[in-house]
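So, here come the structures, one by one.
Presented sequentially are two complexes of chain A, the first with chain B as partner and the second with chain C.
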Partner chain A sequence: MSVVDQAKAAEEFMEDQTHEQHLDKLLWMLRVRRDEAARRVPEWEQLRDLASEIKEHTLSNLAHYLEMFESRAKANGVIVHWAQDAHEHNEIVYKILSDRGVDMLAKSKSMLTEECETTRFLENRGIRVAETDLGERIQQLDDQPPSHIVGPSWHKTPQDVAAVFARAYGSDKENADPAYLAGVMRANTRPIIVEAKAGMTGANFAVAETGAIVTVTNEGNADLVANVPKLRICSVGLEKIVPKTEHLAVFIRLLTRSATGYSITQYTSHFRAPRQGGEMHVILVDNGRSSRLGMEKFWPSLKCIRCAACMNTCPVYRRSGGLSYGSTYMGPIGIILMPTFDARRYSELPFSSTLNGSCTNVCPVKINIHEQIYAWREVMEEKGQIQLAKKVAMIAAGEVLSNPKLYRIAAASADPSLSILPRFAIYNRLNAWGKHREIPQPGKETFHDWYRKNRSQAGSKESQQ
Partner chain B sequence: MNQETTPSADRQAPSVRDLKARLPQHPSVKSTVALMIPCYIDVFYPEVGVATLELLEKLRVDVVYPFDQTCCGQPMANSGCYQEAHATEELFVKNFADFDCIVTPSGSCTHHVRDKFTAAPDSAARRKVSASVYDLVEFLHDILQVTEFPWARFEHKVALHNSCSAIRGIGLASMSERVHDPVFSKPKNLLERVPGVQFCDFERPDECCGFGGSFSVTEEAVAAKMGYDKVEFMHNSGAEYIVSSDMSCLMHMQGCTKRLGMDLKVLHIAQILNGASQ
Partner chain C sequence: MNIRDVILESVRKHQPPPRKLPEVSLFHSLQEVDRKALFTASLRELAGEVVAEAPADFAEFLRTRFPAAKTICSAVPEYAGNSKPDDFTEWEAAGEIDVTIVRSPLGIAETGSVLLSEEEFRVNTIGFLAHDIVILLDPADIVENLHDAYTHPHFQNKAYSLLMSGPSGSADIGGVSVHPAQGVMTLTVIFWPRSIQH
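Up next, the complex of A and B:
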């Protein structure tokens, strides 16, 4: 697959100013709410420390807690599966469904199944899959992946949603009233839940000591798809384990406040056993996680609880839109996760950041996101994945800037179009700086020359080489 | 399991005590201070270099400008190309290792030399350079502890922009995400000592301006939009000047204001502290 060009996709997203402004305003509002919510919790920073330490402890003893979870879940009557990768996960899901003659699956939110491309896998084998959460459903109907891990369709305006529903459901395309659109959604998805013979959800947390799955949702569809059909499948990434129920108190307090600024979601549901007369399957999925755990610089990304606070605060994400990243996970956390799946395809993502560090500061589990972005840039150099034009420009810049004489020549002839400064920056998209900004004009003389003229005795110290 | 590295964005500002321990207190600064002029200031904004030098001289600091200096290596290293930054960082170490104090009018270069100076192999000289570099604002605020700029007066409305390196890298100001931390701003503390300066509050004060080094051209469209939004917030606040301790952000924002035809000028904080009146 070709290298994802986030910058180009972002430019396309911004062409129509409406969407960029809509997304920027919406997500900045969430960032402001997150700040207000954090302000109301005096021990906020201690909670972040604690959450980070719990995750670090759990990841350090992952095998122990996974086995504990497995044995407790089994004792509760849950069937536990292990999947090494996306394909194995999808095969397990397909086998569970096909063995029981299920031809339609109702789904509630799961980024893991996006990661595994489970829907496509099942539909190619004749099983219909219907998303039941609003954002996921909108994206499914519009044949787009989620653009944000909490609000999958937040890049869309209400008018966009009205158009999607009008196309799919024949509703009024002029009516973009959110209450009306929610009604259309409900009228069309509730029958799916009733009709489906199986339900599938992800998990926010899996508690080792009880074998419970915990979902944190607002619409309540996870509860419906988990409880209405007799067959329930739950896909869980290995890193979702927490040791004890008491640890949830730390994460639940951080998760929603970080994500939306609300104190808590409508539903925090604990699923411990199959419903009466039903079946509950939990699939524990690795799909690259255990190898990530072995990466010296990048293992802390496994602490992520998928709150998306880093996306909401990211000034690049807010202008670019999540689809521009061309990946399952997007924004700052996506930049540090995706290269672990495919370093070539996502080799440019680490450069879609200004390294401003706001993401690290809002992260409720204290992942050093912006430092990892910087480290990924160095990995791309090691792997020979720096774009050729950039590499050539940087070799030239490195030669000039490491040689005082060459640098002086370049600086003295500083013509904006000729000089190495800022040519080290203007390399592939020639004159990119000047497209939306005036190019800086060099001074009449460099500081260096001014100093030699005006503080002359020091001039004798200049290198004669 | 490896120990988690402490994220630098979460690091508290270095305590004044630590910094002072490294240098005798003003006005008895005995050490010679090396002036490091970032490459883009050398070429595009020499007047900022001059203002920095003159200001230090007014404060009776013994300043030396090492003549063979070029750049700190950040343009390459920031682009991932640490191999290409190797020789430049080595040259930097060679130029500055003899000094106990290196001052530069750039939070961004300071952050690079202090925290990300890893392209050249580890050495005692490299470590010394990393430990000895100060942003101009830090040097004035924490080490010299300057409380008066009798030669300065600036009768204008100012939007103060602190770079992300200055805020989240080297702790020049409190971070908006850290809602329980005490609010402080070292650049503001200094500017408050200049009669006439009126500060204008604007929306999203510590959101990134969109410069981001090579990001400003590799992701030109997003960088420019971030810059446009930034200068619009500042313009709406009634400011006449954008003032910053990082000229690279100002270069980007100036490019935006000029293109937008916006009457909003830029000045480096050194220029105001040195007595610029406009």
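Up next, the complex of A and C:
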């Protein structure tokens, strides 16, 4: 498969300023709400430390906790499966369903099943799959993958959703009121859930000491698909394990506040055993996770609890939309996860970042995201995956930025140049900063000049050198 | 070697050197917390409502609040309703219920959540296929935060434990939570001590 060109896809998204502004505004609102929610919890930073340490402990003892989870779940009457990769996972799901004559599956949101492309696999084999999460359903009806791991259709305006629902359900295409659209979804989805003979969910957490699966939703759709049909399948990435129930408190307190600024979702659900008269299957999926565990610089990415705070704060993500990443996981966390799946295909993603570090600052489990992005750039350089133009530009920038004299000459000459150069010399295809935005007016003097004038002691010291 | 063992061997081979598991404290506030007030405010943020006292005439309360309700499913001894959870042996049939009444053994002030399990529901689907839900909660059962809540035995021994924190909603269109979604349309918690019988 060809290399994903995120920058090019982002340009297409940005052509239509309505969507760019809509997404930027929405995600920044979530980021602001996240900050307010964090400020209201005095022990916020302690919780982040604890979450990071609990995850690091678990990942460093993962085999032990996986075995514990398996034995407790089995003792609870759950059937546990193991899958090495996406294909094995999908085959297990298909076998469970086809052996029981199921032709309709109601599904709640699961990034793991997106990663495994489970829906396409099942539909190609004659099993209908209905997404029951509102955002996922919008994307499914519009034949698009999720663009955000918490709000799969957040890149769409309410008017876009009204158009999708009008096409699929015959609802009023002029009515873009979110409450009306949510009502249309309810009216069309509940009959599917009641009709389905099997339900499928992902997992936010899996508790080793009890064998419980934990899901977190606002809509209650995971509870419906797990409780209404008698057959329930749950796909769990290996990294979702936490040791004990008491540890859930740390993660639940951080998760929703980081994602949307609310203190919790409406439904935080713990499934320890099958429902009365029912059958519950858990599939523990590796799909590259155990190898990632051995990557010295990158294994901490497995701490991720999928809150998407890093996406909401990222200036590149907010303006380019999640679909531009051409990948299951997008934004800062996607940039560091996707190259572990395919280093060539996703070789350009680590460059879709300003490295401002905001993603690391908001991460509730303290993943050093921006450092890993930088480390992936180094890996791409070593693997020879960097395009020549980018390489030349980086070498030039490296020379200038590592040489104070050269830097001062460049900074001093750039500002006057910007003032006198004609527009065609500034706004052309060689200047990516000039695309879609005006270059700011240059200051009258450089910071260095100002500092020398206003801080005479420092200036004199410097002149002595 | 079977797939399970292949995966576990790969995990063992790659997992980083062991790190210590930290102790987690209960993070109780240094100041006295008005749990009823905090619970009420927290639940309101997620569009749930709190009735501060048990109504003197509960039947009248229900008639006023849910005038169109025909099927009232009661899972509590305080009120009979006109159906019981056990009437819905086919769990998907719980969609006929207009109002479900259930008692929660635990409330969480920090988040406005109530704990429910198969012990309280008996038929789990009455909690989300019903149109509306009314939850009785003894204020003495409200704990300060999630750390306290997760010490409840339900999480160790129930098949299904749910922390419910408002009516079902969705923020998938525009990022702001709207109602309805797939579950109940409204959620009302009544502060109702266990000792009071009507």
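The criterion applied here is as follows: the second predicted complex is superposed on the first by the 389 of 465 C-alpha atoms of A that agree within 3 Å, B and C clash if a C-alpha of one lies under 4 Å from a C-alpha of the other, contacts with A are read in each partner's own complex, and residues count from 1 in each chain.
What we mean here is this: a contact is a pair of C-beta atoms (placed from the backbone, for glycine too) under 8 Å apart; a residue touches a chain by one contact, two chains touch by 3 or more.
As the structure is a prediction and not an experimental result, all values here were calculated from the model.
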item	value
Chain B versus chain C as contact partner of A:Thr360, first or second or both or neither	first
Touching partner for A:Pro145 - first (chain B), second (chain C), both, neither	neither
Chain B versus chain C as contact partner of A:Lys390, first or second or both or neither	first
Touching partner for A:Arg275 - first (chain B), second (chain C), both, neither	second
Touched partner set for A:Thr189, first chain B, second chain C, both or neither	second
Contact residues common to both interfaces of chain A (with chain B and with chain C)	56, 59-60, 299
Residues of chain A defined as touching chain C within the complex	26-27, 29-30, 43, 46, 49-50, 53-54, 56-57, 59-63, 66-67, 70, 76, 82-84, 88, 132-135, 138, 151-154, 156, 158, 161, 178-179, 181-183, 185-186, 189-190, 193-194, 210, 212, 218-221, 223-224, 227-228, 238, 243, 245-250, 252-253, 260, 262-276, 284, 286, 290-294, 299
Complex interface listing, chain C residues touching chain A	3-4, 6-8, 10-22, 24, 27, 42, 45-46, 91-92, 95, 110-113, 118, 124-125, 127-129, 145-147, 149-151, 155-156, 158-184
Sites on chain B touched by chain A in the complex	1-2, 4-10, 37, 39-47, 49-50, 53, 64-71, 73, 75-76, 78-88, 90-91, 116, 164, 168-169, 175-180, 204, 206-208, 210-229, 251-252, 254-256, 258-259
Chain A to chain B touching residues, read off their complex	6-7, 10-11, 14, 20, 24, 28, 35, 38-39, 42, 44-45, 52, 56, 59-60, 296, 299-300, 313, 315-316, 319-320, 350-358, 360-362, 366-368, 370-371, 374, 377-378, 380-381, 386, 390-391, 394-395, 397-404, 407, 411, 414, 419, 421-422, 424-429, 432-433, 435-448, 450-452, 455, 458-459, 461-463
